[in-house]
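The structure's right below; bear with me while I get my questions together.
Chain naming follows the written order as A, B, C, D, E and F, and within any one chain the residues start at number 1.
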Amino acid sequence: MILGVHDLAVTRGGIAILDGVGFGLRAGEALILRGPNGIGKTTLLRTVAGLQPPRAGRMELPPEGAAYAGHADGLKATLSVTENLTFWARIYGQSDIAPALAAMELEALAGRPAQNLSAGQKRRLGLARLLVTGRRLWLLDEPTVSLDAASVGLFAKAVRRHLASGGAALMATHIDLGLDEARVLDLTPFRAKPAAPGQGGGFDDQFDGAFA
Amino acid sequence: MLALLLRDLRLATRAGGGFGLSLAFFLIVTVLVPFGVGPEGGILARIAPGILWVGALLSCLLSLDRIFALDREDGSLDLLATAPIPLEGVVAAKALAHWLTTGLPLTLGAPVLGVLLHLPGSGFAWLTLSLLLGTPALSVIGTFGAALTVGLKRGGLLLSLLVLPLYIPTLIFGAEAARRGSEGLATATPLLMLAGITAGAVAMLPFASAAAIRVNLR
Amino acid sequence: MSIWEYANPKKFMQTSSWALPWVTGLAVVTLLTGLVWGFFFTPDDFRQGATVKIIYIHVPSAMMAINAWAMMLVTSLIWLIRRHHVSVLAAKAAAPIGMTMTLIALFTGAIWGQPMWGTWWAWDPRLTSFLILFLFYLGYIALWEAVDDPDTAADLTSVLCLVGSVFALLSRYAVLFWNQGLHQGASLSLDKEEHVADVFAWPLWISMAGFVLLFITLVLLRTRTEIRSRRLRALEARERMA
Amino acid sequence: MVELGKYAGTVLGAYGVTLALLLGLVWMTLRQGAKMRKRLEAQEKRMGRNG
Amino acid sequence: MILGVHDLAVTRGGIAILDGVGFGLRAGEALILRGPNGIGKTTLLRTVAGLQPPRAGRMELPPEGAAYAGHADGLKATLSVTENLTFWARIYGQSDIAPALAAMELEALAGRPAQNLSAGQKRRLGLARLLVTGRRLWLLDEPTVSLDAASVGLFAKAVRRHLASGGAALMATHIDLGLDEARVLDLTPFRAKPAAPGQGGGFDDQFDGAFA
Amino acid sequence: MLALLLRDLRLATRAGGGFGLSLAFFLIVTVLVPFGVGPEGGILARIAPGILWVGALLSCLLSLDRIFALDREDGSLDLLATAPIPLEGVVAAKALAHWLTTGLPLTLGAPVLGVLLHLPGSGFAWLTLSLLLGTPALSVIGTFGAALTVGLKRGGLLLSLLVLPLYIPTLIFGAEAARRGSEGLATATPLLMLAGITAGAVAMLPFASAAAIRVNLR
């Protein structure tokens, strides 16, 4: 078991968004989060990544943590493709970026400053970063935004290779990634219900009756 | 951490990275003061150490929002926070990079600008020494302020407002040392205090900064 | 044949590579003549002593500092009106030269000021104007550095040069109003009282000519480098698309 | 040799600074020129003279 | 004819990207631009919008211009949904924002500051802005990024209504918008070829032979 | 245009919008100077008009990058450039909004800070008048600088570098008027010059700014 999530509740801006979310992810498995806009996919992924604390529930994560890729790609506009990728590789203690460049077909752009890439090329570079983290668990928030069909294919191939080598991936997306083997979890049923009066655990739920 | 330090230095020296610009700002503040208060040498000489310290402090201040804001905007900070290096280390590397690209050049540039303000000859060495001891504290305290305001859009002025009161002790002792030096008085006490502030800030503040960033990211 | 033909980089490269050896040679000869004559073979001034020898570098560099900006103004205007690429590249090429000239005038003036006025620096109007000019050069060069699309940078720096020139003139008057100053008046003027003696004037004229020629040489060299870098950019783009 | 008297330091300093700045400028100009020429030649060799 | 594009060439960073692009758009028509990442869809749309000058060619635009929606939505984080929309309506001389809110199902979020919206909700607000411009020609760059299936449906409905009322739309996208009546133009064949030596019109093309 | 002005004013007064912060910065600069130069009243009174002008100028400067950078980042500027209002009008509305949220508060706040610096009694009226005449020029010139640097990431310090030399004439005449006023001398000439600069800048610079923005957007 790489990731276990039990009865998790997440909040955004102090307000409960999702409640009672639970799932597990074994080596070689991928799970796709779905749900309408604003249901809380981004919030859930950030919580699992450890960027914000859960409101309730429990998570089991690999000891070394997960590799997170959000809406923004963490690229420096004035550094070249190679320099950007090398930096992240060194941060994660890796050294070889050539396979990542090859996997996302970025070799031809290697010397180009990131600011001169198109939207999709930037995104491909952002995904190449995942390959140099060496982490087993990937958390991806709408990874294929702006990608054309060929690049979505590259991405799917990279995910498959990652799964085959014993990794796992949790992804939020609205479109079809072409990863038929992945399980799908629709978050709609977990939408948080307003806490019953006096029942919620947080400070904000303890007011009922205070101003009688 | 070393990778981060090197990246920040490289970013700063790239076109548009802002290296040299804070030095330029220092130059400009120093130049503006005579335009404001008038060209008389005597008065200028009298206020020179203080103005130079205030100028160095302001240039330092203006470069603070680059420390984290850019990394926040492009998502790097989220990624660094989930990376296998302690956030305290990230903060320390950032503060060091800031000092190397701001505090150090300011220290080296100050004597040249002293000439423009008719700083008395005996004052140059003390001015440089006081800046050398004091600017690391400015960078570390500034990093803390930048960490507090990292979540805010264009928090630049709010950042100034938060950091300036924290800068005041450093400024007082620094300017006092420089002023006494330029008037030929003893400078040991303010210099010792300055060194103490710097040592304390460097030892403690990175923890507070890292905590502030964690709060701001969630 | 009009000067607009030099908008074609090919034409400019050919002509400049033909002219460069001549201009360079002439520049070296005049500059050496003027400076050697001035330094070794002129008498001391009765009031200023040997320091008067500084005039042979101070005045020409001060003059070129202003002339370089004037040239940048003209070439920037040509770019804005006629989209003459070589013209704006020449403006870009001239800026570091003008800035160096400004620095030389400032440094030699400061060194001169030490014995004459007893201070390295005074907020005299002419000195102050030069300091402001230095800031304009700095801003102009920094803007070129900061923008990476060459035509965008050309447009922005040209607009800055235009607006900056107006404000530079304005500063000059402001500074004169603000402080009357210690500095010498124009000593090569026709006004008899102020006129420097002929023994000083000849080498001064020659080294001024030398500075002008040196400026032309350097502008040509640097413009050629700028054109090459545009060419390299274009080739790299072609390679990328191929 | 010329006699500069008590102003030797001043005059030599002024000439020294000027020469240093001018030589620095000339050196930078030539070095940038040579570097650009080399890069361009390498690129032209790689691509054929006209891409 | 609302939009006519003839033999257009566009550049990015001074470099030719597309060449010889031509198409026309009549009232009631929609055209979808396709092509791999980095082919120049964004650049073409910005050129048609008048944000950058074309390198060559001719465009016929409606006299009042077009409504452009790029990757960024032009939202102010601290203003509410209503305030954001009202501002753009006033800029375009319109006053009624209610239909736009309704069309994008934003009524429930009307008082919420834009910073508290999810990625998809922001995008919906960005699209609602188009409805208050009153312009006949829409230029849309990847309009459905981050939208869920239901919101893509809303968007398609809004476009159909716009077309039915005599408007036209030019869109760049990688995914299926469910607008089957729209024509598709693949930009791949228009990729700019390096100018033949000495033939191009721009400064950068005049070098050949300069360094003989 | 009015809609744009109102939106900018509303944004500035919202939380994090920066209204009041430049006033606070002005306060802090004014407070720092006595810490730097020492507390003697005579010297402070002598340099007060100049320091207040320099402080107002710096606070103005620091708020410049908000003028366009935020609109550029979130795409509003692209949309405004394609909207049915002339870009010159956009620029003018932005400059006016900047003056209303920065220059005007600074002008009103300066006399209060004058007390801190022992400004002589006769100086208050002239200080206020000179700021009232001069700050519009600061906003318009600053808008031009912001337009030049709008395409650059964190162009903040570059912006300062470009704008400061342009500010010098305004500063000289403004500070001179305030200083002469506080010493009881005639102030007509510098005030007239100041008014002339402001009138000229307001009339001409919006065109240059709009041109710079058009270039930067393409």
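As a convention for this text, contacts are C-beta pairs under 8 Å (C-beta built on N, C-alpha and C of every residue); 3 or more make two chains touch, one makes a residue touch a chain.
Nothing here was measured: the structure is a model prediction, and the numbers come from that model.
**Q** According to the touch definition, list the chains common to the neighbour sets of chain B and chain E.
**A** The shared contacts of chain B and chain E, listed by label, come to A, C, F.
**Q** Which chain maximises the distance between its CA centroid and that of chain A?
**A** Checked the centroid distances; the maximum from chain A is C.
**Q** Roughly how far is chain D from chain F, centre to centre by C-alpha average, rounded to an integer in Å?
**A** 41
**Q** Just give me the whole-number Å value for how far the CA centre of chain C lies from that of chain D.
**A** The computed centroid separation for chain C versus chain D comes out at 16 Å.
**Q** Which whole number of Å gives the spacing of the CA centres of chain C and chain E?
**A** Centre-to-centre distance between chain C and chain E: 47 Å.
**Q** Roughly how far is chain A from chain D, centre to centre by C-alpha average, rounded to an integer in Å?
**A** 53
**Q** Quick one: which residues in chain B touch 2 or more of the other chains?
**A** 15-16, 21, 24, 28, 35, 38, 153
**Q** Which parts of chain D, given as residue numbers and ranges, touch two or more other chains?
**A** Where chain D meets two or more other chains at a single residue, that happens at 40, 44, 51.
**Q** Chain A: which residues touch two or more other chains?
**A** In chain A, 71, 77-78 touch at least two other chains.
**Q** Which stretch or stretches of chain F touch chain C in the complex?
**A** Touching chain C: residues 144, 148-149, 151-152, 155, 158, 161-162, 164-166, 168-169, 172-173, 176, 189-190, 193, 197, 205, 208, 211-212, 215-216, 218 of chain F.
**Q** Could you list, by residue number, the parts of chain C that touch chain B in their complex?
**A** Residue positions touching the partner: 110, 119-124, 128, 131, 135, 138, 142, 145-146, 148, 178-179.
**Q** Can you list the residues on chain C that touch chain E in the complex?
**A** 7-10, 13-14, 85, 148-151, 227-228, 230-231, 233-234, 237-238, 240-242
**Q** Using the touch definition from the top, list the residues of chain C that touch chain D in their complex.
**A** Contact set of chain C toward chain D: 39-40, 44, 49-51, 53-54, 57-58, 61, 96-97, 100, 103-104, 107-108, 111-112, 114-115, 214, 218, 221-222, 224-225, 228-229, 231-232, 234-236, 238-239, 242.
**Q** Quick check: in the complex, which residue numbers of chain B touch chain C?
**A** 15-16, 21, 24, 27-28, 31, 34-35, 38-39, 41, 115-116, 118
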